[in-house]
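Chain nomenclature is as follows: A, B, C and D, assigned in order of appearance, with residue numbering initiated at 1 for each chain independently.
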Amino acid sequence: MRTYAITGAALLALTLLSYGVSRLDLGGAEMPVAMAIATVKVGLVAVYFMHLRHAPAGERLFALSGLVMYVVLFGIAATDVFLRRTTGFLPQ
Amino acid sequence: MTPTTERHAGESYLGGERTLRSWLTTRDHKRIGLMFLIATSLFLFVGGLFALLLRLELLAPRETLMGPMTYNRMFTAHGVVMVWLFMIPAIPSGFGNFLLPLMIGANDVAFPRLNLASFYIYVAGAVVALFGLFMGGADTGWTFYVPYSAQTATAVVPVLIGVFILGWSSIVTGVNFIATVHTMRAKGLQWMQMPLFVWAIYGTSVIQVLATPVLGLVLLLIGMEHLFDWGIFDPRRGGDPVIFQHLFWFYSHPAVYIMVLPAMGVISEVVCAFSRKNPLSYQAIVIATVGITFFGFLAWGHHMFTAGMSTFAAGSFGILSMVVAIFSAIKVFTWTGTLYQGSISLKAPLLYVLAFLFLFVFGGMTGVAVATMSLDVHWHDTYFVVAHFHFIMVGGTLTAFLAAVHYWFPKVTGRNYPETWGVAMAVLVFIGFNVTFVPQFLLGNLGMPRRYYDYPESMQWLHVISTGGSWLLGIALLTTVLYLAWSLRHGAVATDNPWHSAGFEWRTASPPPPYNFPGSPALHRGAYDYTGQEPPEGPAALP
Amino acid sequence: MIPASADLMRDVLFLPEAASRQARDIDALHFWVISATMLGALAVGLTALVFLVKYRRMGDRPRPTRFIALPVKYELAMAGLLLGLFLAWWFVGYRQMIALQRAPEGALEIYVTGKQWMWKFASADGPDTVGVLVVPAARPVRLLITARDVVHSFFVPALRVKQDAIPGRYTSLSFTIDRPGSFPVYCAEYCGLSHSRMWATLVALPPEEYQRWLEGAVPPAVGEAGGNADIAGGRLGEREAISIAQRGEQQAARYGCLACHTVDGQPHIGPTWRGLFGSERVLVTGQRLVADAAYLTQSMMRPMEDLVAGYPPVMPTYQGQMEPADVAAIVEYIKSLRHDAGRAP
Amino acid sequence: MAEHAAHFESLARQQTAARFAMWVFLASELLLFAGLFFLYMCYRLYWPAAFASGVGHNHALLGTVNTIVLITASITVAMGLRKLQHGAPRAAFRLVATTVLLAGLFLVVKLTEYGVHIDEGILPGGRGRYFAEGALPGEAAFFTLYWLTTGLHAIHVTVGAGVLLVMAWRIRRGTLRAAQLELGALYWHLVDAIWIFLWPLYYLTGGAPK
């Protein structure tokens, strides 16, 4: 119960932090900071609430696999989308 | 050898309750597997019929049998039926269902009710998709490229919804099989002792679970685009059709491995059983299976080399495609080496394996060729690519499917098929296949684009040969169905292990009893152990 | 590979004639790859056959076999060697791919627009055409390809080139045809009802004939291509009375560009177009770039992205409102207003 | 009730299998959203200004309230599960029921927000007054993705809440095993995790507040 309370408090604190930070003018750092906080939060949910901490290897493997597929899709496709200089009418 | 089937007749999964109701409400993985096999085979013939009609239209340039509208709908129907109603479910949901529990010494899959649900989801998806295909029919090709698929006036939406539903069947079966392999293995059966077919189905299931939802979503998005014109991919509103292609191929390239991995699993089993040998390297095949499962996800962009991708992305996808090909090469090498110093019996299943080896190597190597970027620029969207993927899917998956049908026919039905017919049709399939698709490589070189019902006259004679081959292939498949149907009633009653195979699935009666193994299964000898004096025979003695 | 054997291979493989240096380079790689492919398949098939014959079972009694396991490292070594071969192909293929995309200096730029179900061609100084693309032989040509409606693909088998025509975007393709001739062009990406008939002809003319074509004559090769029964849809477009730059001027007026941009060198709400093309621009971000065709089209589609310092951010986007051909025409018009216009490019 | 299915050798094994399958299914569910997140990334890259403007237009406060609601719901369901495991069904029932109520609250807030959007003339596909009155190009894409992503997520919230409602009822009747509640809780945490990413993408990252 204590673990859940601490985790919960941390999540709520991070939520407020994320909201607070978004009211500042961070410019280009805004998105990375927001995503970093979100990642930490999801990590807390997965490890403590979803018991990944004590989960058997198989469950960890599949928890990870979803994540890996995100990295694959975003990582490789981004090399096209970012380097292509986009959809515009760009005869390059 | 005593015909043990008589002994177990009352106990077999086919016996007991024989009413239609008992089949439709069954939770026995063997009955569900058999229903999948029957349904998918039916669709093989539906899709095959479309293929024959398409080939007939292509016998001569210009409009002959059908106009462009009919032709466009028909090649879409051919693609949709063959990919989603036959190729993807046939071996995993059919043979996978039947064999997976038997091969890991389990009573059933982990979630039998879910398994039955998967079958009904499949049927529902098939009905919706076919409804769309016949009531108007989509004319987008199975790739549903935007913006065309969002604009066409044909019945795209029911087809999309049908495929979406089929995707759920695929996911549910995948989840079920993964859980089964992880949690239902017989006591003491380690991962590195599992039959290779199980590894193949496992890898397939992982792809099904992780790739299919992406396709499902993107199909829904096109559906909405078609119905409501929301402009998600519409360039006039700043959308990007190439993003659709990325998302589509993120599923559909791994989907190629959904079709091919199980076929590879079949080949691994049949090669060992008919050469009475352990695989040349069990580890190598496992490594290759896992490698294909993972790297298969990284190569999708080679379908888009001419789509104006960034050169860097194209190059990356090119390299990754080469890496995937290597894993297939490892498997081919291992299968061929397995024959070395074997005790080879040349039966129909092994003939299909030989056909597979030859066709798959050629198909796979042309795959490496089309992954070579500058060459693909010429071949992309031509008959060369059509021939290449038919070599993989028909020359690979279909021959493996036929090998599986013949190898496990006694297991599933308790009868033998007529060997002479089997051998004859295997040869005819091989010949018919080559006559059909080798000319298509040459047509591709000539520059014949795919999805053309019309073409310059100079290309005609190659089309004529190809069409002739398609009829040979059609005849061979039809004959196969006829003699298999005949042997259901009139085939010789099979022994429990007619091939003297060491495979785990043969260590129970043929056909197996409802809960597979009387008592706990005897898996103390490896699934590829042919070194002993007598191979395991019949229901293994309990320890 | 010596030329004679290359021609032989081309015949064996049913490849059409190769009309450019790049096409012949690609063919050379093609021959290596396809030969290795066939040899590989044959080697595996034959090995399997040999084993089959040598180790076939006599009688029906199965005999036990030896346990033979090859250590994985040998398999991986074999795979490594093969990967080396594949990567060599990839390396060559990648370089050729880059060469296909790189536009040579002084290339003749032609705008290609695919629409259901025809190809339209427009260049700066020649007449617009439908279904017949006329280019000079022995001079680099760069195609800027787009589509009006759905995805098409511009495919010239004789040049071994293909490039998707994507609505909302320009893709490009470069080639230099060796010698005069006419070559079929197909649409390779399925685009609906008459996809199978979306054909055109590429006509390469000798330089002097090309010059006459620019001046208004229709050389026989072009006329033939237009009337070729095999390549239906190949017909000459209505000869435009005005050049593409003139059309750009009309379109600029029609879309209201000239309300904010002057053509006489005076800055107005937006920068003047006189001397704009090829000049260096300083953005609000401090970044500097050259106003080339890419920058100009980008500015029309996404004006807010690369704002030039000193002007209010008021330009509306024309994404989806202007036809690609009009965009091209306006770019050509701005090009014609550069300070050195009239001199050799 | 404590009987396990005939094909499993023990209840423990059946429960292991079920939880494992749930994880596999969650990985699959996670990827259902991948396409939408991917579209967001691409289009945000194409239309940075429009996306910032769109995010700025959404109600950051409502979104944050909803985030807190969902996270609290995650805490209560996790605690409810622990209570049930420790044989305190009454406390477990209260906590799970709270989760369902919080899910309801989330949906109410979300629907209110949808109502505001409809009033402002922001509909999917760039329909409505807001876009007619000169929104930035690309804002239509932003709001279409907004509707699709939050809509799909809301469907998941509804399903998760429905499942937990049935489970709460069964806890009260004493017919639910902790292992079964765990499956529902896992699903619920996933719904929460997806929202944790949705929230900054659609409510917070709008650049400097005006």
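Basically, a contact is a pair of C-beta atoms (placed from the backbone, for glycine too) under 8 Å apart; a residue touches a chain by one contact, two chains touch by 3 or more.
From a predicted model like this one, the values you see are computed outputs, not experimental measurements.
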Touching both subunit B and subunit D (chains): A, C
Could you compare the number of C-beta pairs in contact for A-B with that for A-D and name the larger? A-D
Measuring from the mean C-alpha position of subunit B to the mean C-alpha position of subunit C, what distance in angstrom results? 36
Using Cα averages as centroids, what's the distance between subunit A and subunit D in whole Å? 15
Taking each chain's centre as the mean of its CA atoms, subunit C sits from subunit D at a distance in Å of 45
If a residue has to touch 2 or more other chains to count, which residues of subunit D qualify? 16, 20, 24, 27-28, 31, 34, 38, 42, 46-47, 137
Interface hub residues of subunit B, defined as touching at least two other chains: 178, 182, 210-211, 214, 235, 237-240, 242-243, 246, 308, 311, 314
Sites on subunit C at which at least two other chains make contact: 168-169, 302, 319
Spell out the part of subunit D that touches subunit B in their complex, as residue ranges. 5-7, 13, 16-18, 20-21, 24-25, 27-29, 31-36, 38-39, 42-43, 46-47, 124-126, 137-138, 140-141, 144-145, 148
Within their complex, subunit B touches subunit C through residues 68-69, 71-72, 139-141, 143, 145-148, 151-152, 235-242, 275-278, 280-284, 287, 305-308, 311, 314-315, 318-319, 322-323, 325-327, 329-330, 332-334, 336-337, 339-346, 354, 357-358, 361-362, 365-366, 368-369, 371-378, 380-382, 442-443, 445-447, 449-458, 462, 500, 529-533, 535
Considering the complex alone, what residue numbers of subunit D touch subunit A? 16, 19-20, 23-24, 26-28, 30-31, 34, 37-38, 41-42, 45-46, 60, 64, 67-68, 71-72, 74-75, 78-79, 82, 185-186, 189, 192-193, 196-197, 199-201, 203-209
Sort out for me which residues of subunit A touch subunit D in the complex. 1, 4-5, 7-8, 11-12, 15, 18-19, 22-25, 27, 30-31, 34-35, 37-38, 41-42, 45-46, 48-50, 55-56, 58-59, 62-63, 65-67, 69-70, 73-74, 77-78, 81-82, 86-88
Of all residues in subunit C, which touch subunit B in the complex? 13-16, 25-26, 29-30, 33-34, 36-38, 40-41, 44-45, 47-49, 51-52, 55-57, 62-72, 75-76, 78-79, 82-83, 86-87, 89-90, 92-98, 100-101, 149-151, 153, 155, 157-158, 160-164, 166-169, 171, 184, 186-197, 230-231, 319-320
